[in-house]
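You will see chain A twice below: alongside chain B first, and alongside chain C after that.
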Partner chain A sequence: MTPAVAARRRRSGKFYLMIAPALLLSGVVVLIPGILTAYAAFTDWDGLGLHPAWVGLANFREIFADPVFRHSLRDNLVWTALFLTIPVVIGLLTAMLLLRRRRTRTVYQVIYLIPYVLAPITNAVLWLNIIYNPISGVIGFFRNHGSAIDNPLASTDTALYAVAGVDIWHFWGFLTVVYLAALRQTPLDQVEAALVEGANGWQIFRYVYLPSIRPTLQLMWVMIVIFSFLAFDYVYLLTQGGPANSTEMLSTYAYTAAFSAFQFGKAAAVGLVMSGFGLLSSFLFVWLSRKDPDL
Partner chain B sequence: MKASSAPRAAGHLILAVFAVTALFPLLLVGINSLKLSTQIITNPLALPTTLAWSNFGEAWQYGHFATGFRNSLLLTATTVVTVLICSSLAGYVLAGKKIAIWPAVIVYFMVSMTVPIQLFLFPLYFGFAHLNLLGNVFAVGAVIAAMNMPLSVFLMRTFFLNVPKEIEEAAIMDGASTMQTLYRVILPIVSPGLITVSIIVGLNAWNEFLISSTFLQGNYTATLGYLSMNGTFSTNEGVMMAGAVILILPILAIFVLLQRYVVDGLVNGAVKG
Partner chain C sequence: MNAAVASGNFGLDISTFFPPGTQTALTDIDTVWLGKSSAAEFLARVQTAYDKDKASNLLAPVPEPKS
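Up next is the complex of A and B:
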């Protein structure tokens, strides 16, 4: 070994040491427990014994035969559809309107982001108490004034939309900020060229701005799909999956299986299915960011 | 082009309507935090006629806020310090492509950013139970640090990528070691990145629900203490709203003061993440 190679090895060893803390922490918290979950999904682990019995695909057969699991899957899909459209449209609309308003832009961005930076617990509890509560909330106010509306969280027909409404209320401001940052990167000469050619506002949006922010739009869609399959906080805080499982999601289904029924093998199987969706989306994610020149 | 004032006004109207949508529930919290329960039930939309400041004292007591704020601060500090140390080191190595396996590390972090908590929650829970770590805010802070690691590493990497190579080369030419170069020369340049990561990760840690509610088991954070009031205090909405104000005001103040970094972190995390 030449001294130069030895020196490079030493330097590279130092760099491995520098990256070790991040990888070690992630390994202990995410990777190793993740591998254990993948194993536990094929066992009857009850969370107590250290030697659970191998049961093959029984957990998967059980969950796919369970109507509640299938309903959860449907709820996750509805949730994804809601989040791919409503906050995206609001985010794009408000970002386009803020693009030309330099003086008021900062104030609006701050206002729109306030629900986003508050804790899910705070947001959920305040909606439960002051909006949806049929006695003391805004719903209660309407009931006192002769309207027949009920707490939308209490009905199996509306609960999912009522929960999604709170989550969307807290989320869309994030998209406004991200889209606005992307729109501001659009080359001004393209916009001016379109104006010279007599394009109207809609045409400029459709043929100049929209193509320009396409990578950001795609990336946000992928993120939304991923996070829609992981959605937990607002659902668990507002309804815990009820009433009558009508807002059950894969995440709450797995959580209840583990911590209420102590069926950890089954919960692990659901966790694995969720990760499958995540992995699928992250392939898309890596594929989309592969155009990044720094990679 | 004709100066069209009607569309401009419509634009302002739309922006204002969404601003009201974002703020309306919070305004209701504000006005109702000073009302008596009976007044809220009569009309939650009315302004208070008397000021029931005692709501705040009761909320502070029954929401366990003294313990809660202390625990939340310790947990958040643990997460932020851990993340800053680990992600600045890893971001530097990855930005400079200083190890052969850097593409594999990036793919690992990308994948680990998208896995559900339910993939690692259950074995981790039993690991915690086995090691008697349930209820330990520092251990939970470390778990939340691991969950925020991919995003932070990518954010720091982006900031390191923007440091001109010549600066590092000059320092090495002058005989500085790798660590000296990193801590004395490069870290000061990326300090806006460190602030951005601290704020984004700090907010995530402060607001975290699933891991802390599962692992802390009655050792309340500020938000978990407040959650424990819900239901038991549904008879006194004024106290519930005062509790919400206690939680919202500090976060609101920090956010408004540091909004530039928050926006910066969200945008960079979203575009580069």
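Up next is the complex of A and C:
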């Protein structure tokens, strides 16, 4: 072994040692439970026994034959579509408006971020009692004044959108802050050049700002897809998957299977399906990153 | 407690035990109330859950009454 090779090996050994704590932590907290969950998906584990029986693909056959599971899959897809559009549009629009407000945008950002930093239970209770309550909330106010409006959480047709509305309300401020930070990185000389060329507001946004923040947009899209398939807190706090399974998501379905029916094997199978969607979006992100070196 | 019962201060509580899978299936009764499934479909789902719980030996043992 030449001295150069030995030195390189010493150096790389040092690097391996430096990443070891993070790797160890990931292994213990993520990898091992992940492998155990994947294994549990093929067993009839009830969460208590130490020797679950191997059932092969029975859990997967059972969930795919269950109309509630298929409904929850559909709800997750609707949820993803809503989150990929509505908060993104609101966030972009607000960020563009704040871009010109040099002195006051910090205050606006803090105000917009308040719902995001509040605990989900606080937001859920606020909406349940102040907005959606059919007696004392905003809905109740309209009902008392002759409107036939009902609590949207109580109808199977509107419950999913009512829950998504609360989650979007708490989320879009975060997107505004992220997009504004990205927009501020756009080189000013490009914006000025476009202005000199006679571009209007829309053209500057479309041909200068948008290409400039494309990596951020793509990253947030991938993150939104991952978050959407993990969505649990607001659904569980507001409706617990009801009424009549109309807001059932993969996460609430898995939670009920695990902690109400004690069918941890079945819940693990649902968890694997959820992870599959997250994995798909991660692959998409890696593929986009390789295509675009800025990402 | 004996004194309370002897003076007539007692009541009756009727409760039913269902194994966890069956209990979870029963909570979906709102699907019938809201017209999302028929009573027969709902009961078939509960029966399936019950059969599965029974096969897994999750039913509470019922002791023979002493004569």
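A few comments on the model shown:
Convention: the second predicted complex is superposed on the first by the 259 of 295 C-alpha atoms of A that agree within 3 Å, B and C clash if a C-alpha of one lies under 4 Å from a C-alpha of the other, contacts with A are read in each partner's own complex, and residues count from 1 in each chain.
By our rule, a contact is a pair of C-beta atoms (placed from the backbone, for glycine too) under 8 Å apart; a residue touches a chain by one contact, two chains touch by 3 or more.
All values reported here derive from a predicted model rather than from experimental measurement.
On the shared subunit chain A, the superposed partners chain B and chain C are arranged side by side without overlap.
Touch criterion not met for A:A193: it reaches neither chain B nor chain C. In the superposed pair of complexes, A:L77 makes contact with neither chain B nor chain C. Contact with neither chain B nor chain C is seen for A:V89 once the two complexes are overlaid on the shared chain.
Within the superposed three-chain model, A:V117 lies in touch with chain B and out of touch with chain C [touch as defined at top].
When the two complexes are superposed, the chain touching more residues of chain A, out of chain B and chain C, is B. In the superposed model, A:S251 makes contact with chain B only, not with chain C.
Of the two partner chains placed by the overlay, neither chain B nor chain C lies in contact with A:I149. Nearest C-alpha atoms belonging to chain B and chain C sit 16 Å apart in the superposition, given in whole angstrom.
Comparing which residues of chain A touch chain B with which touch chain C, the overlap is empty.
Chain A meets chain C in the complex at residues 44, 46, 68, 156, 242-246, 256-257, 260-263. On the side of chain B, the complex with chain A involves touching residues 1, 7, 11, 14-15, 18-19, 21-23, 25-26, 28-29, 32, 37, 40-41, 43-45, 82, 85-87, 89-90, 92-94, 98-100, 103, 105-127, 142-143, 145-147, 149-150, 153, 161, 178, 203, 206-207, 209-210, 214, 223-224, 226-227, 230, 234, 237, 240-241, 244, 247-248, 251-252, 255-256, 259, 262-263, 266-267, 270-273.
Per the touch definition, chain C reaches chain A in the complex via residues 20-21, 23-25, 27-28, 30-31, 33-34, 36-37, 49, 56. Contacts from chain A toward chain B in the complex involve residues 11-12, 14-16, 18-19, 21-23, 25-26, 28-34, 36-37, 40, 47, 90, 93-94, 97-98, 101, 104, 106, 108-115, 117-122, 125-131, 133, 135-138, 140-141, 144, 169, 173-174, 177-178, 181-182, 195, 201, 216, 219-220, 223, 226, 229-230, 232-233, 236-237, 250-251, 254-255, 258-259, 264, 267-268, 270-272, 274-275, 278-279, 281-282, 285-286, 289, 292, 294-295.
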